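Have a look at the structure below before the remarks.
Labels for the chains are A, B, C, D and E, by order of writing; each one numbers its residues from 1.
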């Protein structure tokens, strides 16, 4: 390497690290706050490192913070969220992948119009769907249940998953589909054997997006859940939002971080699948 | 059987089609209807003309909200795209700690705004956060007080929103970058094209569909930006950082003024329509090379 | 029963007409080779046969079934793509067996076929690799392998050997020939290689800009090209096309060719022919002989020639090419390696008139 | 067996413990309690959930509702009649008449009150006030004078959080400072005359003055951080409801020793009453649950324990306040006194006086005024316009 | 000054060694053609020269500058890829001019060059198309165009004509030749086409499995192959490699070849040679002559032959190929078209001994 490129490389790392610091700043604040005592928060600087570490807030947030009359922390609500998010993410990703595959590789008259309609549907403000959706869920008997929540999340998730997959798949040369068609593979077979294996990066993106949206969703969670099916965000919200009580910032921050751990985990695990050069060398020009 | 086979693609789309028809367009129609009524706490269905719209346009708060949407939307989309693209390109340079950095850039998406809003509020608060810290280092005249200045507060929302979304845009672009045929990049390298131009003229155009995804995602986040505002400024100072989404929420749920909320939702949809449809048209119009 | 029948096929991309009124019919066991200049529509035609491109008009029948509108997988064809189109995430072995697997062929047969084909194609040691790790020729062989393991009604090959070296190409050619003969396979084959076309085909279709110029056996195409385009296109070096004047005379035909800096060359075709005054004489380089060792001349060539000025001499191993100038065109003769021809001198050449073609200078069509 | 599903937004710390008391009592009476807490946005989130539940056809048995919203809901969907419980337990006798009105729909009892918060309190840092020799201001002029003094001494006079409900809180206390009548006319009856009056302009002028006593960084500050400023001696006063007391107490401060509580200048008591309303539900056990719940809520036991926890005072006037702190005692005294002379008034800022649309319209103007350099004239005009528009 | 100097180059992918100790040096204006079986490492070598693949060992110098580690864009080379690698979103014209544009060549020059190259490549009417709308051969020509508009130190061509028809290929070959001669361009060129290799090269490198077998002029490679692999690989039909026994005798060398069902064929090389007892005789088909018309035999061929049993006769237009069996191997002779040879009969053949090669049967190396 010439010295020139070495300098460039250092610059590159410099910028990347600078951005990393920017991204980490709020997390830093949250982490340090979650490790401080309330007393210290009230008196000290919010950006300072904790003087004395305490893990009490974490323990409290996990197992004894109050959300209503139930003072069991976030723990009981975690499972609800998992039961809701995992199927919803899976279903919406699968549906989106199939839709995207059709839009990208099996065009038919009117397909583009429909695709545009789906995209436009992404923009419908969730606030306006709350009421009619509540009525629909009531009619379907899904009100206040986890399947109801899954249903809602899938409906409003397919727009995005379809978008992601379609736009990824249009960059894949048609020759591959052609070869597979001639090989005798049908619609699903081509999807399964040819497209899914090259979709890891976009599956990652889609899962990350959907999981975040669903896991962190509050509006649907609060509106369409009943007692016993409330997701963790509603519990978090209940812990964090006190109107007339004492605010325990350290517990709030700890709770928020805990609530985000599954998402973080998904990011770390899914992130691995951004594998380079999956399609490299497969096609000419 | 043969029919079935020929129509598999359409059949696969059918459930989505029905769902979108009912749960998106049906609901939009419902909203349009409600916006023409005097619905208050709960929907009522007696039509009552365009009174809600008249009220809406007379409201100074709505004006502010729409203005904010333009400023916020434009800045947020552009900056997030730029940062996301830049980070994706940089990360694509065979970076050592790619996995770690990628996760760091992405994680803001993971955190619920309910509380990152609080953290941001502190960081941006002149008396508690960055300004105070830098002054503490001895730069007494340092000022970073956007949060408390009504005319600047919307930009703090932009900062926090960019912080949250740009990592995801980075991920989208990274996925796109990695689907580009490496032979083409090699050809460009040999052609003597500097790396910068390889990206700008060859790779990025190839990724045009990915840009569409990023645009839709960001535009959607911008238009629906709600939690962020609630958590960071709650619309303040005053209602200087109100956005249509917060306006609508306030009308629908704090104030029990559903008709007004529906009217504002309809205007929002129309604005989206005006911006998104031309873009969609240009992206999806059947091209000769397709 | 024709295995493939193409009837008034039309194909356009938007406004651009690519294929015009294509009519082809081949019998079971036929080996049809499509040739034509780059961009004339060969790949497009294969794609239409395979059902990969919707056609704009006409019908296609495979094994007596109208397949217009039938999906590719139900046409029972195997195809090798010009661009290989290997499945990037599958290993070579998987690429080859995928089609069988889809069709539910049992594992043992798959393995046997895979082994067999890998042997034929000399890719045994590559079976576990991904396409990205192969050289161009290796990819092409894998693409071949994908077709060869199948047992379809019809094989479609789009320049399957273009990236192979001469030796390998010969051995592949033999494999394809065996496939054709042993299994009585029906094949449509696109190639740019004249030798491939001549040695493999039972029937050759010559196309130009989406229009069929001639359909015939290799010998017909070579010896009796239907027009000047075919004459020029097939054979290397190409047939010499020499403007000339024809005059019927006493049961023979006298042909007059302009010569640079000398009176016209006059040769006599011993057959009486009904030719217009202005013609183009088509003669292959190997049908122009040295007129010195008269003993070696075919009977027809006797007297059908004269001295010409040699511009260039190109020795090429087994042969020597001599280029002269007749009727305002360069004319190449293929002479024996040990010929005494010397550039920039006059040298006697004779035309084998039993093998010449006459064309109309107006529309290029064949006259004899 | 009585069952109850209770939708409320008391979720954290003291609040949750307070509800737990009710739950325990309910269970002790053999009932089954299903808790449905939804916090956030001062009840907005809970209201969102409520609407979804009602539309889906399964309304909760009891919902934390307050002020005119009770009547609004009654108009939309009807509410359960708990008159029998009220009669049986003689609610009319123990509730101030004005509060009782809030619990009735079309003359029928349909809600049960839990507590009374007083909104118009000034909280002061005792040490600072003593240092500067400041005593309780009885008019806004006095308050201004004290503030000027503090400001000169380099102390932030007023700790404030720039959230619109906090702005509205200050606003309504200033309005109250102009007299109970004016408050009644302007913020309860929405009399256009009053809204456009010079008095109202004066209110905005005072608001502008108060704005000058607030530190620069007030925007978006949570109320409890403002309280902390008073506690830590960074500011002298805070104008906030009696829930602020909880923060002081939680930090181990003593009323009268470390901090003082005074009513805001002028005569009057702005109340914020939390209550539970009962929706129409199917099923004997649920209806029984509603009755039991209503009874327990108004029970003296609960009223006492709950309010000790929460910092407010019981809605019942007959609960002994021995265990309560001085601020609460004063609150209780004032309530009785003000109920007599008609200056017991509903807080508009906390949704007791007006329906959402009107209250929101006023808040918009107030908060915009407070956070810009709008003139008082403009503010008055806008106020009148906004209120008029919201009544369409 | 050598324009390209490759010194002890090594290249492996992980454990797989692709190139072993490659040493090549070419002068400015040289036209180096790389040939070798599919997968032998030709494309890899080009990639290494271009800097697209990191090398595992050795150095590469271009124009006397050590470029090992220098990025491709700073090596001043132009390359045509085997897989074309066109920029998919750009029109053909843009594909070709993009490099110039980036380098800041003025618009007028760009246009002029584009027009020039488009003319040479016969793609004028395609300039506004996108690569996805082109046929295989058209893509390949665009890829060529991208390189031809440049003026680099070194051109690298990876099978640039493989998808073109014979006519176009000839005309492209001429263009490349012109490029080489007129501009004195230095070129490294991979091809599978023997004629291309022989007519274009000033130097040929024959590779096998990553090892260089021989470097030399086309004539050297053809006439004096360094080993049996080269002998077999170059030339079509291939050189006959006949196991034989050598015996020096009286200043001449007697060569004995086993014949099926007859006593061994004995021929006499008039030169005394120092050969081992067991040898392999290499003789090209065109150096085996008909021994009937003795007058036409080269002097050396006199007496160097005898009657052999003809197995197969293949008439092929200008020539007739006769296949016999000698030393246990099929041996092909290229005879004149009018030869009277008949299959399954005995026929007299003579070897031109001035042109034969002798190889060691052990390591295949050349002995004479």
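In this section, a residue touches a chain if its C-beta (ideal position, glycine included) is under 8 Å from a C-beta of that chain, and two chains touch if they have at least 3 such contacts.
The chain lineup, named per UniProt: A = Carbohydrate ABC transporter permease; B = Sugar ABC transporter permease; C, E = Sn-glycerol-3-phosphate ABC transporter ATP-binding protein UgpC.
Remember, it's a predicted structure, so these values are computed and weren't measured experimentally.
Any chain bridging chain A and chain E, meaning touching each of them, is among B, C; the list is complete. Set against the Cα centre of chain C, the chain with the most distant centre is D. For this pair, chain C with chain E, the centres built from the Cα atoms lie 23 Å apart.
For the pair chain D and chain E, the distance between mean C-alpha positions equals 94 Å.
Distance between chain A and chain B, defined via averaged C-alpha coordinates, is recorded as 15 Å.
Each chain gets one centre point, the mean of its Cα atoms, and the points for chain B and chain D are 36 Å apart.
Within chain E, contacts with two or more other chains are made by residues 71, 83, 85-86, 88, 132-134, 136, 143. Each of residues 41-42, 45, 48, 51, 55 in chain D touches at least two other chains. Contact with two or more other chains is made by residues 5, 128, 181, 183, 206, 249, 253, 288 of chain B.
By the touch criterion stated above, chain E contacts chain B in their complex at residues 47, 50-52, 71-79, 81, 83, 85-90, 98-99, 102-103, 129-130, 132-133, 143, 146, 150, 152, 156. Against chain D, in their complex, chain B makes its touches with residues 40-42, 51, 55, 58-61, 121, 125-128, 145, 147-148, 150, 153, 230, 232-240, 249-251, 253-257, 260.
Listed in rising order, the residues of chain D touching chain A in the complex are 5, 8-17, 19-20, 23, 33-43, 45, 48-49, 51-53, 55-58, 117, 222, 224, 228, 231-232, 241, 243, 246-247, 250-251, 310-311.
Per the touch definition, chain B reaches chain E in the complex via residues 181, 183-184, 186-195, 197, 201-202, 205-206, 208, 288-290. Contact residues of chain A toward chain D in the complex are 38-39, 42-43, 65-71, 130-131, 133-135, 137-138, 143-144, 218-219, 222-224, 226-228, 234, 237-248.
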